[in-house]
Each structure stands twice: as structure tokens, then as C-alpha cells.
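Heads up, the next two complexes both have chain A, just with different partners, chain B and then chain C.
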Partner chain A sequence: MIAIAVLSGFVLAVFAPFVHRLTKPLSGWVLAALPAAIFFYFVQMMPQIAHGETVRAAWDWVPSFGVTLSFYVDGLSLIFALLISGIGAFIVAYAGGYLKGHKDHGRFMGFILAFMGSMLGLVLADNLITLFVFWELTSITSFLLIGFNHDKPRSRRAAIQALVVTGGGGLALLGGLLLLGVAGGSFELSELLASGSIAENPYYLPIFLLVLAGAFTKSAQVPFHFWLPNAMEAPTPVSAYLHSATMVKAGVYLLARMNPILGGTDIWELVLPVFGGITLLTGTLLGLRQTDVKQILAYTTVASLGLLVMLIGIGTDVAITAAVLYLISHALFKGGLFMVAGSIDHSTGTRETVRLSGLGKVMPLTALAGLLAGLSMMGIWPFFGFIAKEVIYEATLHHDPRMWITAVAIIGNSLMLAAAALVGLRPFFGKLLQTPKEPHEGSPSLWLGALTLGVLGVVFGMMSHFSGEYLVAPMASAIGGRDIHTALHLWPEVSLPLALSGVTIFLGFIWFWQIDHLRSLLYAATQRLWGPDHGSDQFLAALVRVSKNLTGLLQTGRLNFYITFTLTMLALTLGIPVIAYGLLPTSIVLPDVALHIYGVFGLTVVGALALLFARSRLQAILSMGVTGFSVALIFLIFGAPDLAFTQFMVETLSVVIIALVLLRLPVDTYDRRDFLPSLRDAGLAISIGVAFTSIMMAIGAEPLDLTLTEYFAANSYLEAHGRNIVNVILVDFRALDTLGEIAVVLVAGLAALALIKVRDGILTSPDANRVTREDEA
Partner chain B sequence: MEPILAVVVGILFAITVFLFLSRSYVRIILGIFLLSNATHLLIFTMGGLTLEVPPLIPPGATVPTEAIANPLPQALILTAIVISFALFAFLLVLTYRAYQALHTVDVDEMRDAEPLVEEDGA
Partner chain C sequence: MNSLILRTVVPLLVSIMLVFSIFVLLRGHSLPGGGFIGGLIAASSLALYMIASGSQAVRKALVLHPMSIGGLGLLFAVFSGVPSYFSDVPYLTGLWYEPEFFHISLIATPVLFDLGVYLVVVGSITAIALALEEWH
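Moving on, here comes the complex of A and B:
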């Protein structure tokens, strides 16, 4: 059943374009039925999971490698699955309205459903390999969605950037997961979680770093934060779904999942809060620099992810509770705000905050949704975000007496509050300004999702007992690997966290009030700064340049270079073992054989040397003849008359043909080589020759395996009724090879004939070729 | 006996390599001629050498009655000789036609299919 819930998204994705065509005006609602059904399936699991039970389902996938397709539901994965399917249902419906009339609307619906399936698989996976596969699928579907407007260069750049960053992190993650599987003794997360921390394992540090690389790239932590704001090139439903509520939280999910296994160590508690804190500040500061609503939201998403990483890194009960609270409330308000931003863009034609004002009168429902989400993001009572903020301060105060984390949290939160006011409140109040399009309220699909998420933000806050029991506690316990029950209070006690909340709100309104000054200040400060966004372009450009140069270096287009390179490799391949195993012969024992045999050997070498130094055609032809015939003589001497006769015939023919051809080639067969190249070539030639000789001698010293020979000798008369064993092998035992040989000769003959017969006009002269090339250009 | 032939084969390979590195197409072809002979000798040597006893089964017997030359490498080389001859003949004709079309056998000048690209991209 869990597998169906995960895989159905992919199945529907395939058929989405057809479904879309059939049910056109309402296709968003029709397709949203699947995520909604999945959502309710997971809802009915809630009581069971809240009681501390877990559900696991597994199928063999690649049993020989221990890879199973297995899913595991506990508090952590369940809440994620609920967010993914619940928000997914609204997003699919929203996309139905938002992209109405787009020519690739159906394809888009397919992509987004496939993404939903990938994301569900990622958070529900039990097997590490399964997890990795779905992890990569989210990167790929995200690539497709960011690059959806593929005719725009900016979209393409953003899509490639996101793929390179998250895909690179994915590779690191794969290494980490494989090491983890080896170190932990199991590839099933459920078993790894049961056996607890592996901090003592010698592989702990590499595992930690590799997993961190995966999580930080996916969740856009500094210095990998740059791809996320660029990903806003995607249509707004994608931004709302992937780049705020779900996919970018995959990294946070991974850290939360690994917390019982990798967490609690010094390095974990140092690295995560530091990077999280830096990301929180960077995200908010860069966000307030922007005037585009989506850009502001994107940077605050980066900041929120930093806050989550920071809280997971702290790792105390309160901190984990705070992370869970903030994660849920963030998914609700950020998903909602993105949808609101998209609706505003859709209805007014602009996303510039400075041009958006007074829209509350014309878009009351969108305004209400924006207000609810904005207030939750600002952390105003009685919203869920308020409770989250209280607990965050409680967690940071408990953790560090020196208050630096708390200070970072206050500054980050107050800046975030200003951003929330800028996006959620400001466009709807004040005087209505002139916009590119006449503003109007959108269709229900455009505001219903945002409004529902906004309302949920209040409801969860008001019913803090329920949300604590069914949402927060199970998830926090799963992250902590122990029972975590923190009572949530809607009515705050008069305490330090409350005071800090007050400070935050006060500061936030100051930022908001002075936003124009703040923005120009930040803009001036960061304008000339080199950032990783620019850096990634430089990196990719450098990669292309390097590969181009390397190709130019290796693919010179000069035959001589290729041959030299190949032969050098041959010399190394042969020569290194010769030297490494000490095979160089020290002495040669001259066997006691008749002098004429030495004479034949000598003739072979002399013929070849004469060929080397041949200065005229005739000399070359004669030398070839000498070499060929002396090889035939060698065959004859050592009991191979068949070979000798064939060689005699072939040599005669060869010499005839080469004489015919060489006489028509007005060539000086002697080399034109300078002294130094000659020396280099000779060195290469001699080393290859020596390597061959050495290896042959070394092999010759080993006993010869005569199994096949004995088989042929014993069977050639009895089985094949032939007395000449060589002939029997050729025409009987290995007849198919001989058939192939005949075919080769036939084809070569036909090809040669065709070359000779072809009319001269077809083989064009170089000049004619040059003309056609210019014509093409 | 084998070590001596190993030296002969090594010399043939060395000369082949030197011919391969020439700029003249004709000499590369001559190298191919030498290469096939060297390779045949290599296989022949590595199969073990026996003087003057061809692998035949005498009349009246069903298996060889004395130590014979190894028939297996001979069968392989027989195939190889014929194929290298076919290749050699074809390459010769190809060189001849290429010369007719391009008026050169210098490998650096025979670059009609892969012209040198100017640095400015022209």
C-alpha cells in the first residue's frame, strides 16, 4: 500500500498530459485527486504512528547486492509525507489555474506529479539505496521543472546550476550512504536507527562530511545557497512546492533522519549550528536587498533552512521540538505566501514590491491568505509560527549561555519578520497603484490552497494540544531517537523567550519601517561582492575551456601524433611490467643448430633493415620479398609446410601488387625526418622491440599449455577423418573461422575493385572539396 | 631456439614502429606488411618450436606416432596470413587512389577530411 502511494505519482505523471487534454478546464482539480487520496491515506495512519508504532514494507530489488525497495513510516517520514501530499494537492490544483492556456501545461502536470512521487519515495525510503535513487529523482524532476520555460536562457542557466549543485551533492551523498551501510552493518535505515550512533566508527568523519555535502547542497546552505534564488525562474507553483515547502527540505530531512545515527558528536554540534547560523543571516540580509516578491521569499527560504539546520545541530529536546514546529509552520506559511505571490503576479503582471499596494480591495481572498501566512511567518500570536518562535528561543537560551546563537536567531528572525511584512502585508494595504495588468481576484484554484494553508497556521496554533500530540511529538521523537514530549503553550508564560519575541517584533518593525534605506544599504554593500553564484558560472566556463583545450591537445588531427601517442601507451603497457618484474633478459643461450637456420634468421632481419633504409622503390620491393620469403623458410624449417606454401604464394602476390602500385606512386620512400624526431622515434621503436622480446622470453620459459593441441591430435583422424591436423582444424574444427576469413578476403577484394573502378570524378580533388565547404558555410 | 626467434621478432617490431612513425603513407603501409610478419612469427614461436616434423598422422595410425609440431598456432597463422594479405592489398589500392585524388602521400598534407582549424575560428 505504501509502495502504491509512492509509485502512483509516477504512473499518473505518464498519463497526466492525456488526462489534462481530456478534462481541460478542470484538469488541475482532477489530477489533484491523487495527492489528496494519498494525503488521506497518510492521515489515517496518524493515530497509529502517534502511539509510537512504525510501519515497514519491503520488496527485493537487487537481492545480490542487498538492495531492497523498502519503505518505513515513523513520525518523521509521516509528517513529511503529509506535507508533501497535502500541499501537493493544492499545488496541482493551483497549477491548473496558474498555467491555464500554456502550451505545455499537460507536460508540466506530469513533471510535478513525478516530483511528488520522488519526494514521497525519498522521505519514506528505508533502504539507503532506495533513498538515494529517489533523492536523485528529485534533483532530476527539479531540473525539468526549473527549466520548464526552456526557451529562456535564464531558466536554462538556473536549471543547470541547480542540477550541478544538487547532483554533485548527490554524488557525495552516495559515497556517504555506502560507507554508512558498511560501517553500520545494514543498508536499512530502520535497523541503523535501532542500533544507534556510529560516532565511534573509524569511518564516522568521512560519512559525516559526505552526508553533510549532500544535505547542504540540497538545502541550499551557505556556500551552496545561490542556486535556490535562481531557481525562482521556474513557474510559481514549482517555487511554492519544490523550493520552499518540500524539496529543499530534503536536506533537512536527511539531517533529521541521521541525527540518531550521526548526531550528538562535537563536530555535529559545531558544524551544523555554525553553517545554519551563517545561512540564516546571509539569507535574510540578501533577501531584504531584493524588490521582487519571489526573490525575497526565496532568500527567506534559504534563511529558514539555515535556522532548521542550526536547531537540528543543537540537538536538545527543546531544539528538536523547535525544529519540528518551525518546519511545519514554515511549510504552511511559505507555501501559502508563494501561492499568494504567484496570484499577485498572475493578476497584476508584476512582482515588484514597490509597485504593489492596496490590492486588498480588489483581491480580498488572496489578501486574507497573504495576511494569515504573513502573520504566521512574523510569529504573531496566536499563529503556529508564534509557538515555534517561542520554543526556538527557549532552545537557544538553554543551549548557550553566551547567547551568540540566540543573538543570531533574534537578528535573523527580526529580518525575516520584515520580509514577511513586505510580502504578506504591504501589497494589500494603502493606495492602489498602477500595474501592468488590471488587478482582479483569481479563480478559486489560485487562492483556495493558500487560504487553507493560512487557516491551518491558525488552527494548529489554537489547537496546540492536538498538534503537539499528533504532529510534533511523534516527529520530534523520531528525530531525537528518544521520546520527546514538549508541552506546547498557546498562552505564553511571562519569561525570557516572550521578552525576546517582543524584541524580535520591535526590531522587525524597525527594519520594515526603514526598508528602503536598509535595501539600498545592503545593495551597495553586496553589489561589488564576488559570490558563489558568479563563481559557479566561472567554474562551468572554466570546465568547458579546460575540456576544449584538452580536446585540442589530444585531437590534433595529425595522424603522426595519434600513432606516436598510441605507440607510447603500448610501450608503457609492455615496458612497465617488464621493468617491474625484472624480465629484461641478461643473456641468450645460443642453441646448437645448423648454421643455415641462423642464416635464415639473419636474412629475415637483414630484409627488414633493408626495408627500413630503402632509398628507392625497387629496394623497398626487394626487401619486402626477402623478409617475406625468409619468414616462409622459417615456417618450413620448423615443421609447418602449409604455412610456408601459403606464405610463398601470398608473398609473391604481395610483391606483384606492391610493384604495380608503387610504380604509380612517385614517391621517395626514404624518410624525411629531422635528427631529433628520428632519435625519439628510434627510442620508442627500440623500447617496444625490447619489451616484446623480453615478454616472449619470459613466457617461453613457462611450461606450454598443450590441452587443445592434444585434443586436436587425438581427434582429427577419429572424428574428422583427416591426417593433416592443421587442415582439419581449419576446415572442420574451426570451419566457421575459415568462412569468416574467406568473407574478409572477398570483401577486401570487392572494395579494392570498387576503388579501382570508380570514376575519377567521384573522388573529388582537394580544390573541388574546398569549394563545397565554403558553399555550406 | 625460441629466444633467438624472440630477438628476431623484437627487431621486426622495432622496425615496424619506426616505419609507423613516418610522415609518408607508403612507409606506414610497409610497416603494416612487416607488422603482420612479425605477429605471425610471434604466434609461431610462442606455440613451441619443433624441427622438421609437420603435424601429420601417418597412414595406418589414428593418432600421431611421434612428437609433431604444434598444429594449433599453425592453423591460427594460416588464417592470419590470408587476412593480412587481404588488408595489405586493400590498403595499397586505397593509398594509390588517395594519391590520385590528393596528389600527396604525406600524412600531414592529407587532411581534407579534418582541416586544421584556424585559431580565430575561421
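Moving on, here comes the complex of A and C:
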């Protein structure tokens, strides 16, 4: 059942364009049925998981490497699965309305469903390799989604940037997971979790760093935060889904998942809060600099991810509870706010906060959704976000008597409050301004999801008992690796956290009130700063430059150069062992064979000499043919009929084909080389010949090892019904190798065909290359 | 090449060589021969035909584009491994369904595989030779 829940997304993704075409005006709602069904499947698992049970399902995947396709449901993965499928259902419906009329609408629906499947697989995976595969799938599907408007250079840049950053992190993660599997003695997370911390293991530090690299790149922690705001080039449903509620939380999920295994050490409790705190401040400050609604939301997402990493790093019971509370409330309000931002953009044609005002009258339902989500993000009573903030302060106060972390949290939260007010409230109040399009309320698909998420933000807050028992406690226990019970209170006690909430709200409103000053201040401060965003461009440009130079150095486009280079390498590979092991023959013993065989030997020499003194090219080819045929004769005489046969045919065909080439190539009939090139070629030829002969003679001097010959002779008829062992090896014992070889033959044929057909240097012209390079940049 | 002798002899020679190439292909499992050699013989017979009667005649005789023949061969070779999936043995394990007669067992996956090798060799070489011949 779990496997169906995970994999059905991919199956439907394949058929999504057809389904879309069939059910056009309503395709969003039709396709949303699958995520909704998955959501309800996971909902019915909730009581079971809340009682502390776990569910595991496994299938053999690559048994020879011990890789299983296994899934594991506990409190942590269940809540993530609920968020992914539940928000996914609304997003699919939303995309149905948002992209109406887009030429690739059906394809988009496929991408987003495939992404949902990848994300579900990632959070439910039990096997580390399974987890990695789905982790990479989220990177790939998100590349497709960010670059969806692929005719825009900015989209392409953002997509490549996201892929390079998260893909690079993914490579590090693979290393970390493999090491973890070896160090922990199992590749199943459920077993690793059961056996607890590996902090004493000598591989702990590399595992920690590699896993951290994966998590930080995916979850956009400083200094890898830059790809996330750029990813806002994607259509808004993507931003609402991937870049708020799900994919960027994959890194947080990974850290939460690894907490019982890797957490609790000094370095964990140092690195995570420090980077998380820096990310929180960086995200909020850079966010308030922006005027584009989506950019503000993206930066506050970066900040929220920082906050979550910080809380997981603290690692106390309260901190983990706070992280869970904030994660759930963030998914609800940020997903909602993104959808609201998209609806506003869709209806007014602009996302600039300065031009958006008074929309509440024309878009009442969207306004309500924005209001609910905004208030939850601001942490106002009685929203879920409020409870989250209280617990966050409780956690930081307990942990850190010197108030460093608390101070960071207060500043970050207050800045985030200002951003929330800017996005969730301000567009809907005040005087209606002129916008590029006449504002109007969108279709239900555009506001229903945001409104539902907004309402849930209140409901979870009001029903804090229920959400505490069914959502927070199971997930927190799974993260902590121990039973964590925290009673949630909607009615706050009069205590320090409440006072800090008051301070936060007060500060937040000051920032909001002075937003224009704050923005210009921040803008002036950061405008001339070099940042990793620019750095990544420089890195990619440098990479392209280096590879271009390297290619220019090796790929000269001159056949002469290639052949000389290859043969020089051959001479070195053969010659170095000959000299190193002293294999040069000291004496030449003539073999004891009949006279006519000496005649055949003589023929090969005659052919070679004729080649050397040939005046025209055609003469040279024919001389080479003489040598080749004599060699085939030698094979025949010494009992290798298959080899001889092949050699005859190859010689015949080479002569035909080389003659065809020479008849048509614009080359001189006579070979006129200067003295130096002749000397170089001769030296090359002689050294290869000498080296080859020496090695062959050295091998011949050793007794022949017949083990393989005997094995094949004994088994080829019994096992493969054939007496010709050469052929049996080719088509049966080593058939896979042969398959590879004939594929190479075919591809080489295609390449030769292409080279012959493309005349006038169409492919090699530098202008053609330049066009594609610019296009990519 | 416009030579009366060649044009008269070649059709006869080509047909004999083609039959011989198939003979070599089929006997290869137990006696010298096989798909690779058979393919080379067939390719050289086609090259001979091309020299005598021109590239268009060869193309007409082949019906399919030579590269398609090669591709078909690769497809045969790939699919010859599929029955092993149903017999629960590793991919490309040879399977025989009939006892052999005249030293040749015809209903066997290695025969299909060898036929694939044969077609790839014929297709690739003939494609290159024809393209060179038609090059101006």
C-alpha cells in the first residue's frame, strides 16, 4: 500500500498530459484526486502512529548489493507525508486554474505529480539508497519545474543554479549515507535509529559533514541560500509547493531524521544553531530589502529554514517540539501566502508591494486567506504560529542563559512579522491603486487552497490538545528518538516567553511602520556587496572557460594530431614496461618450422617494406593489404581459423573502404612529408614495433596458462551447446560484452556516417559553437 | 566502375557469398564461423556489388536503410536476452528449446543474438561504404 502511495504519483505523472487534454477545464481538480486519496490514506494511519507504532514495508531492489526498496512510517515521516499530499492536492488544483491556457499546462501537471512522488519517497524511505534516489529525484523534478518557462534565460539560469547547488550537495550526501551505512552496520534507517547514536564511531565527523552538506544545500542555509530566491522564476504553484512547504524542508527532514543517530554531540550543537541563526538573520534582512511579494516570501522561507535548523541543533525536548510546531505552521501559512501572492499576480498583473493596495474589496476571499496566513506567520493569538513562537522562546531561554540565541530569534521573528504584514495584510487594505490588469476575484481553485490552509492555521491553534497529541508529539518523539510529551496551551501563562512575544510584536510593527526607510537602508548596505549568488555565476563561467580551453587544447580537429597523440600514448604504455622490466630480447632464436612458412613470414616483411617505399597512397594501401593477408595466413597455419577468417574479411573491407576514401578525399596522390615529421612518425612506428615485439616474445617465453582454455573446452558444449569456443564465448559466456561491442560498432557507424554527410564543416564552424554557448549563458 | 566482366560475374558471386555468409553464421556455434565473420562476408559481398553496379542498386536491393538494418540487429541482440527473464536466470543466459540437427540448433537465444551481431556488422559497414561511394 505504501509503495502504491509513493509510486502512483509517477504513474499518473506519465498520463497527466493525456488526462489534462481529456478533462481540460477541470483537469486540476481531476488530477488532485490522487494526492487527496494519498492524503486520506495517511490520515487513517494517524491514530496508529500516535500510539507509538511504526509501519515498515520492504521489497528487494538490487539484492546483489543489498539495496531494498523500503519504506518506514513513524511520526516524522507521517506528518511530512500528510503535508506533502495534503498541500499537494490543493497545489495541483491551484495549478489547474493558475496555468489555464499555458501551452505546456499538461506537462506541468506531470512534473508536479512526479515531484510529489519523489518527495513522498524521500520522506518515507527506510533504506539509505532509496532515500538518496528519491532525494536526487526531487532535485531533478525541481530543475524541470524551476526551468518550466524555459524560453526565459532567467528561468534557465535559476534552474541550473538550483540543480548545481542541490546536486552538488546530493553527491556529498551520497558519500555521507554510504559511510553511515558502513559505520552504523545497516542501510535501513529503522535499524540505525534503533541502535542509536554513532558519535563514538571514528567516521562520525566525515559523516556529519557530508550529511550536513546535503542538508544545507537543499534547505538553502547560508552560504547556499542564494538559489532559493532565484528559483522564484518558477510559476507560483511551484514556489508555493516546492519552495515553501516541501522540497526545501527536505534538508530539515534529513537533519531531524538523523538527530537520534548523529545529534547530541558538541559539534552538532555548535554548527547547527550558528548556521541556522546566521541564515535566519540573513534571510529576514535580505527579504525586507525586496519589493516583489514572491521575493519577500522566498527570503523569509530561507529565514524560517534557518530557524528550524537552529532549533534542531539545540536538540532539547522543548526545542524539538518548537521545531515541529513551527514546521507545521510554516508549511500552512507559507504555502497559503504563496498561493495568495500568485492569485494577486494573476489578477492584477503585478507583484510589487508598493503598487498593491485596497484589494480586499475586490478579492474578499483571497484577502481572507491572506489575512489568516499572515496573522499566523506574525504569530498572533490564537493562531498556530503563536503557539509555535511561545515554545520557540521557551526553548531558547532554557538552552542558553546568555540570551544570544534568544536575541537572534527575537530579531528574526520581528523582521519576519514585518514581512508577513507586508505580504499578508498590506495589499488588502487602504486605497485601491492602478494595476496593469483590472483586479478581480479568481476562480475557486485559486483561493480554496490558501483559505483552507489559513483556516487550518486557526483550527490547529484552537484545538491545541488535538494537534499536540496527533501531530506534534509523535513527530517530536520520532525526531528526538525518545518519548517527548509537551502539553500545548492556547492560553499563554504570564511568563518570560509571553513578554518576549510582546517585544517581538512591538518591534515587528516598528519595522513595518518604517519599512521604506528600512528597505532603502538595507538596499544601500547590500547593493555593492559581493555575494554567493554572483559567486556561483563566476564559478560556472570559470568552469566553462577552463573546459573550453582544455577542449581546445585536446580537440584540435586535426586527424593528424589525434592519431599521433593516440600512438604516442600507445608507445609509452608499451615501451615503459619494456624498459622498466628489461624485456628487450637479447638473442633471436629462429623457430623450427617448414620452409614454406618462412615464405609466408617473408611476405609480411615484403608488404611492410613495400609500404615504406610506396610512392603513391594507393600503393601504400595495397602493400598494407599484403602484410595483413600474410598475417591471416599465419593465423590459418597455426590453427586459429576463426581469427584468420576475420582477418581476411577485415583486410578486404579496409582496403575497399580506404580506397573509397582516398578516391574522394581532396588529398594529393603522393605523400610529401618534410624531413622532421617523417622522422617523428618513423620513430613512433619503430618504438611501437620494438616494444610490441619485445612484449610478445617475453610472454611467449613464459609457460602458457591454459586454465581458461580448458574450462571453456570442457564446458562450452555442456553448458552452451556449442563446440566452437570462440563463438560460444562471444554469444553466450560473454554475451553482455559482445552486446556492448556491437552497440559501439553501431554508434561508430553512425558517427562515421555523420562525418561523411556533414560536409563544408557545418559542425566544426566556430560560429555555430558560439551561438549555442551564448544561448546557454 | 564500368566493367562488363565484373557486372556479369558479380550478381552470381554476390548471391553465393550471401548464402555462404548465412551458412557461416549458422554453423558458427560448433565450427569456425559466427555472426561477426558472417557479417563481414556479407558486407564485402555488398561492397563488391556496389563496385560493380553502383550504390543505388545496393540500396534498392537492401530495401531498408543499412543503418536501420544495423539498428534492427542491435534490437535482436537486446531482445535475445529477454526470455531469460521469464526463466528466472540472469540476462542473456543462453536458452535452447529444441535438440540440434545437423550440428545446428536453430531455436535458441544465442542464435538470435548472433543474428543481431551479423546484422549490426552488415548494416554499419555497408552504411559507411555506401555513404563514401555517394560522396562527391
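Assume the second predicted complex is superposed on the first by the 555 of 777 C-alpha atoms of A that agree within 3 Å, B and C clash if a C-alpha of one lies under 4 Å from a C-alpha of the other, contacts with A are read in each partner's own complex, and residues count from 1 in each chain.
Definition applied: contacts are C-beta pairs under 8 Å (C-beta built on N, C-alpha and C of every residue); 3 or more make two chains touch, one makes a residue touch a chain.
This structure is a prediction, so every number in the text was calculated from the model and none was measured.
Enquirer: Could you look at A:Asn724 and tell me whether it touches chain B, chain C, both or neither (first, second, both, neither)?
Expert: both
Enquirer: Where does A:Ala743 make contact in the superposed view: on chain B (first), on chain C (second), on both, or on neither?
Expert: second
Enquirer: May I ask you to decide whether A:Asp732 touches chain B, chain C, both, or neither, giving the answer as first, second, both or neither?
Expert: Second partner only.
Enquirer: Is A:Leu432 contacted by the first partner chain B, the second partner chain C, both or neither?
Expert: In the superposition, A:Leu432 contacts neither chain B nor chain C.
Enquirer: Looking at A:Phe601 after the superposition, I want to know if it touches chain B, chain C, both of them or none. Which is it: first, second, both, neither?
Expert: Once the two structures are laid over each other on A, A:Phe601 reaches chain B alone.
Enquirer: With both complexes overlaid on chain A, does A:Gly628 touch chain B (first), chain C (second), both or neither?
Expert: Once the two structures are laid over each other on A, A:Gly628 reaches chain B alone.
Enquirer: Which of the two partners, first being chain B and second being chain C, lies in contact with A:Thr652: first, second, both, or neither?
Expert: A:Thr652: touches chain C, not chain B.
Enquirer: For the overlaid complexes, name the partner, chain B or chain C, with more touching residues on chain A.
Expert: The partner making contact with more of chain A's residues is B.
Enquirer: Looking at the overlay, what does A:Ala752 touch: chain B (first), chain C (second), both, or neither?
Expert: In the superposition, A:Ala752 contacts both chain B and chain C.
Enquirer: Could you give the residue numbers on chain A that contact chain B in one complex and chain C in the other?
Expert: 641-642, 646, 650, 653, 657, 661, 664, 723-724, 726, 730, 738, 745, 748-749, 752, 756.
Enquirer: If we count contacts the way the header does, which residues on chain A are in touch with chain C in the complex?
Expert: Within the complex, chain A touches chain C at residues 641-642, 645-646, 649-650, 652-653, 656-657, 660-661, 664, 720-724, 726-728, 730-732, 735-736, 738-739, 742-743, 745-746, 748-750, 752-753, 756-757, 759.
Enquirer: Along chain C, where are the residues that touch chain A in the complex?
Expert: Spelled out, the residues of chain C in touch with chain A are 24, 28-37, 40-41, 43-44, 47, 51, 67, 70-71, 73-74, 77-78, 81, 91-92, 94, 96, 100, 105, 108, 110, 113-114, 116-117, 120-121, 123-125, 127-129, 131-133, 135-136.
Enquirer: Would you tell me which residues of chain B are touching chain A in their complex?
Expert: Per the touch definition, chain B meets chain A at residues 1-24, 26-28, 30, 33-34, 37, 40-42, 44-59, 61-64, 68-72, 74-75, 77-79, 81-83, 85-90, 92-97, 99-103, 105, 107-108, 110-112, 114-116.
Enquirer: Please name which positions on chain A make contact with chain B in the complex.
Expert: Where chain A meets chain B, its residues are 557-560, 563-564, 567, 585, 588-591, 593, 598, 601, 604-605, 608-609, 611-612, 620, 624, 627-628, 631, 634-635, 637-643, 646-647, 650, 653-654, 657-658, 661-662, 664-665, 667, 669, 671-673, 681-682, 684-686, 688-690, 692-693, 696-697, 699-700, 704, 706, 708-709, 712-714, 716-718, 723-726, 729-730, 734, 737-738, 741, 744-745, 748-749, 751-752, 755-756, 758, 760, 763-766, 769, 773.
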